[in-house]
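Each in C-alpha cells, the structures are laid out below.
Below are two complexes that have chain A in common, paired first with chain B and then with chain C.
And then the complex of A and B:
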C-alpha cells in the first residue's frame, strides 16, 4: 500500500502526466480542477452496535467504514495524582481511600474546573485495516498514527472523554478500508473518521461527582461528543463537554492529501497523479479553539467566516511528508542515448555493447526523470494559503461535511 | 465547489413493488437479446418466460443471479454462456454472477464483471510486467499474463533482420517493465494464455498520451469488439489530431497523432536509408515524448473523461459512441461557466452526457 505502493507506468506516460500537471492551470487526467475532490457518497449511523459510525465511498470505488466504540475504563489513580492539582492541604499521599475521595467530590461537584479535566492520549485507540496488508505493515501503522496524531493534536479531544476523577471513556476507532487501496487512502479514511466522530454519542451521565458512573438508558438523550453548534455548547446538557467555556473544538480534524508538481498544488490526487508527484504531503487541519486564536499564539491561524457568520478558526495541526512513489520510477531513455532508436539502430548496432539504462542524464524535454528533493518554501506557502485561506479548501470540505445528515 | 458529498442512493428494487420502475437506467441498445427493440416486447417476453416456468416470483426483467443459483428447471430451455447443467438433473444453473438474458430458448448469463478472454487476432493494449531471457510477460487484463517472445517483435533496422544474441542481451532497450505496447494476439494456449506479436508497423511501444483501463466490464459496458479499434480523429478547439486505440481487452490509449518523426527522415537519408518503413520501425522503441501543445493535452484529457463517463454509466465504448460523446462533451464545455477549460465529466455531468447519448 501506502507511499511505497508501486504503480507501474511507462516512462512516456509519466513524462506526459508530469507535463500536463505542470501546466498553469494544470490539466489533470480526469479533468478535475486542482482543488477539486472526487465526488463521494457519505452516510452515517450505518452500524447499530457502535456509538458512532460512518461510510464513505469514492466514485472510483474505494470505500471505507469507521466504527467508534466507547467503554468505561477506570482511570489509573497514580495518573490522577500526577496531573490533578489538589490544594496542598487536601492532597493525600500513598494509599487512597474511596470514602475520602467521595467527600472531596462533594466539595468539587459543582465547580469542576478545567484543570481537573485532564485527558490522556491512551484513551483513544485507532486501528486501520487495509485489505491485503498486515496490520503491522509500516504503511498501515503510519496511516493510523497520522490519523490518531491529528485527532489528539489539540489536546482537547481526550479531555472530552473525562467522566470523573476515577473513570473515563476509552474510545476505540476501527477504520476499515473495504475496497482494495486504489489510491493512497489517507483522505478517504480521514473524512470517514471525521464523520464517524461527528456522529458519535456517549450516554448521558446521571451520577454526580466521583461516584461510580451511572448512565441514562435513553439513547435519544445521549449527547454528541462533538456538539454540533459550538457557539452555544454551554447550553447543552452534555456531561462530557465543557461547561460554559467555548474553548472546545466543535469538530474533529481532517487530514488532506496534497501533492505538488512544479508550482501547482493539487488536492486529492489519484494513483496516477501521485506517481508523478514532486512532493506529497499529508496536511491535518483542525478548528482552533477560539481562546487560542484570541491569544494569537498561532501564526498560522487565518480567520474564516462561514455562511452563517460564525467564525471558523482553522489551523494546520501537522504537515507530514509522504514518500511519493514517483521517486522509485525508472527514468526514461532519451532518444540520443537509446540504442534501439533511430538511425543508430538502423545501422545495425549489433556489435555495440548493450548500454545499461542511462541512470544519470540531463533533463531532456519529454523524458521522464524521477523528482528529487523535498518541498520548496514557495510550495509550502502556497499550500498554507490554499488550505486555510478565506473560502479555502479546508473550509469548503468542512462545509460539505456539515451537510451530511447525522443519524 | 471543490467537493461534492452525495447521500447514498437507495438500492435498486430488483423485485419491483409497484409494477416496473426506472426502465431507462440500464437500457442497453447493444443488448444481444433478440427482443431488444422495445421495452414492451421484452416485458411480454419476460412474462411469457415467467409463465413458462422461470422462477416466477421474479417479475423484474433485470434479475441478477449468483453462481450456483438455479435459473430454471424447465427442460425446454437451452443453456448458453455462463450457465451449466448438473448431469443428474435438467436444471440450468448459473456459473457466474450476472444478469440473465434470453434469446428465444437460449438462456445465458452475462457476468457483471469479467476478465478479458483473449482470442486470436484481437488487438490489445498491454503493459510489460516482467522481462525474461527471450520474452516479455505482458499484462493484458486476462486471467494470465500474455507472453511476447523476442522473435515476435520488429527489431530495429529492418523487418527481416535476424535476431541475434546481442538483441537478447539488450532486451530491455526494446521493452522494459511498465512500458505500454499495442499488439495482436497471435496464438492461444490450451489454458487460455495468449502469445502476442508486434510484427507490424502499426504496433509497438506507446507514447505521447494517456492510458485508461476500462477492463473487467461484463454485460454491455466497456470496450466491445468492433470494426475499427484504432483511429485518428480531429480534436475540437485547435487540439490537432488525436489517436485513439481501444484495446479489445479494455485498455484504452489516447495520444497525440504523430506523423513520421521530424528529423528522422533526413537522418535516415544521410545514412543511406530510403525505406520509410525502416525509419518508422526505428522510432518504434523511443520512450521520449514529442512536444505536445496545451490544446492537444486538454482535448486528450477531455476524451479520457468521455471514456470514463461512458463506462461509469454502463455504456459500451466504441468509435461511434466515443466520437459522439466527445462532440457532446465539447458542446457541454462551451456552455459551461469555465468555458473550454471545463474538462470534468464525472458525477452529474457524466450522467448528463450518457443521457444525451442514449437519448438519440
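And then the complex of A and C:
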C-alpha cells in the first residue's frame, strides 16, 4: 500500500484542485474546513476472542478492524540482565535451575522497583493487512513501522507488558483494512489501533514475584493496559520516577496525516487532495499525564477546579515524510507549446534541446506541473506546530476519541 | 540405552559459557567510549564513484569510526541500473519509475540477517525512495525505470554492547543517511538529471551523565558513546534549493519544547550540508579524473 498509488485525474483536474486548495480559506472537494476530519463511526470490543478490539468506519467507506491478542512468553535472559544475582552467588546455574533461581529471586522480588522493569520492543508485533496488496509491499511495511514506532517511542508501552523477571506478555496487534484502500489509510489505521489499545485488558496477575505467572479467571477484574482515568488508577498503573514526575503515557499515540498546499495546511486529506500535495507528513503524538495532575494526585486533593483547568501534555513521538503522489502525476501542456493551438513556430524552435528545457521548467498559470524538490524546513516546522500547538488538531482529536464508549 | 561408542553432547540445550571477567569488565573497568569530536562535526567519510563497471552508475561510501574497541564503521555500496525501458506489460508512465532496494549483508550486523529483506530494510528502501524522488527530475525519462540497489556491507554497530542496550532505530538512522548520500553520488555517476545533489545527516538529542543534566544536541551520533539518546532525526536535504526531501524524527519530546525539535532539525540540516561537501568534492574529482583521462 503505497501513498503513490495511481490517481486517475487529468492534469486539468489536478490544476483546478491545486488552485482551489491554495485559496484562503481553501475550498476542499468535500466542503470540509482545513482541519476537519471525515466523519466516522467507531466502536470497541467487537471481537470477543481478543483482549481488545475496535472498528472504525469513515464516511467515505473505508473501514478498519484491529484485534489485540496477548500471550505469555518466557523472557530470554540476557547474561547481564542483573549483576546483583551474580554477586549474590546465584550465578549462572540460577538462571537454569528453576527451583533455586525462583526461590532466590523471590527474596528480592520486592526490590524490583519500577526502574528495573525494562521492556523490549520485540514484545509487540504489529502487522498491517491491506486488501489487494502483498504483506511485504514496501508501503504496507512502511505503515506498520510507522504505527509501531510511535507506540514504542517512549519505551513505556513495552514496560506495561512486564510480568516478572522471567515472563512477559507478547502483544500481537493485527490491523486489517477491510475495505479497498480508497485513501491513504494512515489516519484510519492509527485511530483504530488507538481505540483497540484503549480497550485492551490483560488478566489480573495473582502470583507474586518471579513465580510462574498465574492469573485471575475473572475477566471483569482484568485491568486495562491504559488506565481509564487518573482518579481510579492505582499506584501500579502509574509509575513515578525518582524525580517525582510521572512517566507513564496515559493513552496510546495517534498518527495524523497532514499536508501543505501553497500556504495552506490541510488535515486528513482524501486521495484526490493528497494527489496535489506539495508535502505530506505523518506526525505521531502521544499524551503524558500533565505535571499538574501528578502533583494533584500526590497531594490527594483532586478537586474539580484543577481538573477543569487541566490541559493535555502532548508529546511529539515521531515524524515521517510521506512520499506525495503528486510527484508522479502527468504534467499538462501549456498552449504556448501545444501544436494543436497553432503554435507551429514555437514548436519548431522547441525542437532544439535548450529551448525545450526552458519551456519545460517555466511554470504557466493554470497548467499542472508535478512539483520538484522538497519542502522548506519552516514549512515542515509549521505543519508539526499546527498539529501540536495549543488547541491544535491533536487536542481536538484526543477530545473526540474520549467520547467513544469503551466496552 | 545411550550410544557409548560416540561422545554425545548433553541432552538439553546449552549456553555458551560467560566468564566473569567479561561481565566485570563490561560493567566497571572498561570505560565507555566517549565522543571525541566536536558536537557539530560529522565523522570522516570516504566516497568514490564508478566502482562497479557493469552498472550505469555506482558509488562506495565508508564512514570511519571514532570509537575505540571493536566497532566497525559503515560501509555501503550502491549501484544504479538504468534508465532503461520498462517491460511491455507495464502501463504508460509519464515519469521515470524509481525503485530502491536496501539490503544488509547477512554479516553486517550483530544479529545475522537473512537473504530476504526484512521489515527494517524495506522501510529503509521506502524512505530512500522518498528522499531521492524529490531530487530527480523524473519527467525527462517517461516510460523508463531506474533501479537503485544498496548493500550495506558493514553496519555501524558496536560489538561490545549487547543487543538489549543498543537501540536499532538510531543505527537505522545512521544507515539511512549513508544510503541517501551514496545513492546520490551513484545517481550523479549514472548521469541522471537531478535538481541538486541530495545528502543526508543525522542529529540527536543526547543525555550524558546523570539524568538531571540538560540534554545536548550532537550531529552524526554513535549511540554507544552516549548515556541515552532521547531523540534523533535524519534529514535528506538539497542545499542549493534549501529544501528537505525526507525527514524522519523519532523520540519523545514534550510539545512545549518545539524549539528543541526545530533546533534538532536545524542541526540535521547542518550535518547534511557537511556530508554534501564531501559528495560535491568527490563528484568534482570524478569529473577532473575523466577530463585528464581523455587528454592523455
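Basically, the second predicted complex is superposed on the first by the 321 of 407 C-alpha atoms of A that agree within 3 Å, B and C clash if a C-alpha of one lies under 4 Å from a C-alpha of the other, contacts with A are read in each partner's own complex, and residues count from 1 in each chain.
In this text, a residue touches a chain if its C-beta (ideal position, glycine included) is under 8 Å from a C-beta of that chain, and two chains touch if they have at least 3 such contacts.
This structure is a prediction, so every number in the text was calculated from the model and none was measured.
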Fit-or-clash call for chain B and chain C when the two complexes are aligned on chain A: fit
Which superposed partner A:8 touches (first chain B, second chain C, both, neither): first
A:135 touches, of chain B and chain C: first, second, both or neither? neither
Touched partner set for A:149, first chain B, second chain C, both or neither: second
Partner chain(s) touched by A:323 [first = chain B, second = chain C, both, neither]: second
First, second, both or neither for A:29, with chain B first and chain C second: first
Touching partner for A:212 - first (chain B), second (chain C), both, neither: neither
First (chain B), second (chain C), both or neither touched by A:381: second
First, second, both or neither for A:314, with chain B first and chain C second: second
Minimum C-alpha separation between chain B and chain C after superposing on chain A, in Å: 8
On chain A, positions contacted by chain B and by chain C: 329-330
Residues of chain A touching chain C in the complex: 78-81, 83, 86, 92, 96, 118, 120-121, 136, 138-139, 141-142, 144-145, 149, 153-155, 243, 281, 285-286, 288, 313-323, 327-331, 360, 370, 372-377, 380-381, 384-385, 388-389, 394
In the complex with chain A, residue positions of chain C that touch it: 15, 18, 20, 23, 26-27, 93-95, 117, 119-120, 122-123, 125-127, 129-130, 133-135, 137-140, 162-164, 168-169, 195-196, 211-212, 233, 236-238, 241-256, 258, 261-262, 265-266, 269
Of all residues in chain A, those that touch chain B in their complex: 8-13, 15-17, 19-20, 23, 25, 27-33, 35-43, 55, 57, 59, 267, 329-330, 332-335, 338-343, 345-352, 354-355, 357, 364-368, 393, 396-397, 400-401, 403-405
List of chain B residues in touch with chain A within their complex: 1-9, 127, 129, 156-158, 161, 164, 166-167, 169-170, 172-174, 176-180, 205-212, 264, 267-268, 270-271, 273, 278-279, 282-283, 285-292, 294, 297-298, 301-302, 304-305, 308, 312, 341, 343-347
